[in-house]
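Following this line, the structures themselves.
Heads up, the next two complexes both have subunit A, just with different partners, subunit B and then subunit C.
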Partner chain A sequence: MADVPAKSLGEKLQSINRSTLFLILILCTSVPLFFPVKLPNRADAPSMDLYQKLMTLPEGSTVLVQSDWTNSTRGESGGQFNALMRILMRRHIKACIYTAADPQAPEVARNAIAELNKQQDAAHLPEYKEWDDWVHLGFFPSAEGTSVSIGTDVRKAFAGKKATQPNGTQADVFESPVLKNIHAVRDFPLMILITASNTSNVAIERLYGKVPLAMMVTGVMGPETQVYYDSHQLVGLSKGLKGVYDIENMMQDGAKIAGQTFPPFTGPGVINKDLGTRYYPTLHMALLLLIVAVVVGNVGMFLSRKRSTQ
Partner chain B sequence: MNDFLTYNFLKVTVGVICTIGLYTVLYRESKFYRFFEHLFLGLAVGFAIVALWTETMKDLWWDKMVGTQPDVQGGLGTPGYWAYVLLIPIGIMGYFVFSKKHNWMSRIPIGIILGLWAGQQPKAWWTRYSPQMQSTLRPIFPTTNTLFHPSTAQFNPSIPADKLAIDRIDHQVYWSQAITNLIFVFTVVAVLCYFLFSFDFKSKIMKFMTTSGRWLLMIGFGAIFGSTVMMRFTLLIDRMYFVWIEWLKHLVLHIPG
Partner chain C sequence: MNLILAQTDPRLNFWNGTNDSVGLWAKIIIAFVLGVLLIAALTRVPPQFRRVIVTTATFIAGFFYIALWLWPEPIGKKPGTLPNGAVEWVGFNISDAVSVVGDFYNILATMLLGLGVFSVLRIHLRKFVKKQQDWGFSAVLLAGIVAMVFFGYANYLTKFGPDAAKLADQANWGFVNYGQNLLFDGMLQQMDAAMFSIIAFYILSAAYRAFRIRSVEATILLATALIVILSLMGLAASIWGMPVDALSPHVTLNGQSVPDPGSFTQNFRLENIAKWLTDALQTSSLRGIDFGVGIGTLAMGMRLWLSLEKGGVSQ
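Our next item is the complex of A and B:
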């Protein structure tokens, strides 16, 4: 029986067991969750612009929110949605929410608001009430058709939609305080799209120029959506977990943007830091592991090449 | 003991078991993983069917077609518009795509959808790209000797004189901005040169531009890949948070925070 030559260090480094790597990854993404730390942060310009826009909306106005995320992207979109809703409820701004991407999304958004209201109740703070403060219009198939319809005649686009009144009965959404003063899409001072899908492009194509647009997108969509911000098609943008961390930090510490000072949200029981703050340090551990893995793999490759040329 | 029999505990525990079940594919594909995969698909399809009715079709189609009754609070009912019933045969025609004999019928609704979509595209394209083309035309020469954009924090934009001062500062092209714009414009031109496949480039300048275009594209793809990896990690971290913090720490061990 011929002797099998022992693996060189280079070969060993290049053939680390896949299961071992997964195990290290799970440890790196689990252990830091138990040890929250505050990382230094400087908010990106798109996040600051989004925050400034949200903080300067007139009190009592209604924003249009297209909520196209589901639990599959809760890690990023969930934090974005929570931060947005917290700002709207604290600034007494109403939200007209709808979905154009996934039939699961309306229930996910309603559950997220219910969780926020539980936190409000626990802190003896006022709830963000359905009908008075927000309505969800449900799922509209065909993002293209829906966006064109909203841009053309918002009353016809949402005609027939009902929401639950405080007394438990259903009524037309245009009778609600959220939508009673809305006659055209330009009556919304802002439309915010929280998405993990192509509906961002559809919204730009069909609604740009008709209503000020802002977006909260997943990290993978960041580079393609940044171009819309650079060309001033978006008034603000939050990209991935960094975007959530930026907004949560501005809510917690306050912000000074373009000569305007925005004080932090303070008070007993007020929660500003949520998923972004919890996940951001852990993401750094995962990225560190990735960098180490790339370095180890390359060192292994160079050692193997050196050996084979010798 | 009662804490472990609450609906919330059971719901989250089932979620944890499903999460672990789906992640077992990282070790190897097995019947255990297959079971959870099919469970997930079945739940998603079932939920989508119900949600399509409750969130969409009932309000947008059924109630409009049959009308609504006045409620007990004295609200007004609405009359039904039976023309909406015509949407049923048009919709059903789409399913004839599965019939070899009658699949021509499916082309009618598909044609309507395609026509509507195609009609929107010229305006959609222009709305999407024209501001980007306009934004590409950037100044590459500075208009001041200052290196960076000065801070405007000392001004109050609600005071007209201060607003004027802010506008004056904002409308200058500073050296840092000019350099950034130069890199941007060079990248655009280099990448456009790279995509000019029709010509056989012999000049050294064009060869330099196409090579630069290729390198710059690679850098761009690297940045996009980095964002993708970050997002995937975040989704994994969210699942780990669900298992270790929401379930183990909060629900099982009752540790707050």
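Our next item is the complex of A and C:
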């Protein structure tokens, strides 16, 4: 039996077992979850513009929220949704929520608001109440048709939708404090889309120019959505986990944007830091591991080439 | 025309009714029966006439949205406003019809979801009944569908019922609420998240095995990717920024000496390099791609609208 030649260092570096890689990834992404640390951060311009817009909305107004995310992107979209809802509830801004991407999304959004309300209750802070502060209009299977309808006549687009009143009975959503003053889409001072899917393009195509648009998208969607921010079709943009961390930091530390100073949200039981802060160290480790993996693979290739030329 | 299309002006007309009224339920049942009869009739249309029906429906549907796009939009239209001239009359009717067509669109999309469920049920019921290979998986799938529909709908009824407010407290939950919670939040949502997180493993494995600097192009790609990745890491950006800040001229702001954000050297901060890459290179490239995709979509849309595309029922 012939001796198998020993692998060179270059070959070894290029042939790390997949299971080993996966194990390292599990460790790198899990361990930071148990050691929360504050990492230095500079909020990027799209996040700051979004925060500025949210913080300058008139109190008592209603924003239109298209919630198109489910738990598959909970780390990013969930953090974005929670941060958005916290800002809206603290600034006494109402939210009209609907979904145009996934039948699961309405229940996910309702659960997220219920969870936030539990935290509010625990801190003896006022709840964000259905009917008075927010309504969810449910799932609209056709994003295209619904967006065109909203742009043309929001009253007809949402006609017949019902929500539960505090006394437990259902009534037309346009009788609720959230929508009673809304007659056209331009009555919303802002529409925010939280999405992990292509509905962002549909919103731009069908609603740009009719209502100010802002988006909270996953990191993967960041580059394609940045195009619309650069062309000023979006008034603000939160991209991925970094975007969540930016918003949470501005809520926690306050922000100074374009000459305007926004104080931090403070008070007993006030929670500003959530999923973004919890997962940002994990993102660091995962990205670092990605860089190390690419470097190791390439070093292995160069060592092997060097050896073969010798 | 306005009577047919305008659903809410007046709010009650022939096409709707008071919530839970006998009249409304009668209209729903009649519409359902007529819908079933229409679908049954369409399935019996001879093949040579199917093309005519499909192309006509496609053309009308496409024409509506083209008319909506091109026809002058009525400005400041309120309920009860009368049109001034033929052009505005058409504009009013197109505007009134948008929500009705949007509802049709939603109903069709919902029917497609139903069609998908029907197809899945048919395939897996057959597999289960005939005990074909892996029929056990089909049984699990069928049980999952039935359980989810049952608990989902029962939970929906309690959540929107008279005792809905009490359900905020978990102590008031019943069997169906716990069942829905287990199936939707406890299983479906967690599996959804788990499936998506698997991508991270494949990305890492692919990056390690395939991302090699074998050419100038690959080197440029790797360098730009590295800068963008590092810019997302606040810690890396902060460390990189230390020498840049030290080399930058300083200004006094609120009594503190800080690097002048407008100085030339600040361009070499990691986040600023990444911003330049994204704004100058990536955005313009994506716009170019989007233009190409847009033109392709327009051409494809025209072919579909005019039923020039080969294949399918329209052939």
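As a working rule, the second predicted complex is superposed on the first by the 310 of 310 C-alpha atoms of A that agree within 3 Å, B and C clash if a C-alpha of one lies under 4 Å from a C-alpha of the other, contacts with A are read in each partner's own complex, and residues count from 1 in each chain.
Going forward, a contact is a pair of C-beta atoms (placed from the backbone, for glycine too) under 8 Å apart; a residue touches a chain by one contact, two chains touch by 3 or more.
None of these values were measured; they are calculated from a predicted model.
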Specify the outcome, clash or fit, for subunit B and subunit C once both structures are aligned onto subunit A. clash
Check the residue A:T73 against both partner chains and state whether it touches subunit B (first), subunit C (second), both, or neither. both
Which partner does A:P166 reach: the first (subunit B), the second (subunit C), both, or neither? second
Would you sort A:P126 into first (subunit B), second (subunit C), both or neither based on which partner it touches? neither
On the A-aligned overlay, A:G209 touches which partner chain: subunit B = first, subunit C = second, or both, or neither? first
Applying the touch criterion given at the start, work out whether A:S19 contacts subunit B, subunit C, both or neither, answering first, second, both or neither. first
One more residue to check, A:S149. First (subunit B), second (subunit C), both or neither? second
Under the stated touch criterion, which partner chain does A:G138 make contact with: subunit B (first), subunit C (second), both, or neither? first
Have a look at where A:P106 lands relative to subunit B and subunit C in the superposition and call it first, second, both or neither. first
Partner chain in contact with A:A157 - subunit B first, subunit C second, else both or neither: second
Just one of 2-10, 74-82 or 164-172 in subunit B hits subunit C in the overlay; which is it? 74-82
After superposition on chain A, the subunit A residues reached by both subunit B and subunit C are 22, 25, 29, 72-74, 103-104, 107, 140-141, 144-145, 148, 160, 162, 167, 169-170, 219, 223-224, 227, 230, 240, 283, 286-287, 290
For a test of understanding, state which residues of subunit A touch subunit C in their complex under the given definition. 16, 18, 21-22, 25, 29, 39-42, 44-45, 70-74, 103-104, 107-108, 111, 114, 117, 140-142, 144-146, 148-149, 152-153, 155-157, 159-160, 162, 164, 166-170, 219, 223-224, 226-227, 230, 240, 242, 245, 280, 283-284, 286-291, 293-294, 296-298, 301
Name, in rising order, each residue of subunit C that touches subunit A in their complex. 7-8, 16, 19, 65, 68, 95, 98-99, 101-106, 108-110, 112-113, 159-165, 168, 184-185, 188-190, 192-193, 195-196, 200-201, 203-205, 207-209, 211-214, 222, 226, 229-230, 232-238, 271, 275, 278-279, 282-283, 286-287, 290
Applying the document's contact rule, which stretches of subunit A touch subunit B when the two form their complex? 19, 22, 25-26, 29-30, 33-34, 72-76, 78, 99, 103-104, 106-107, 138-141, 144-145, 148, 160-162, 167, 169-171, 201, 204-206, 208-209, 218-220, 222-224, 227-228, 230-233, 239-241, 256, 258-260, 275, 278-279, 282-283, 286-287, 290
Taking the touch rule as given, give the residues of subunit B at its contact with subunit A in the complex, in rising order. 26-27, 44, 47-48, 51-52, 54-56, 59-60, 63-64, 71-73, 75, 116-117, 120, 123-125, 127-128, 131-132, 134-135, 152-157, 162, 166, 220, 223-224, 227-231, 233-241, 244-245, 249
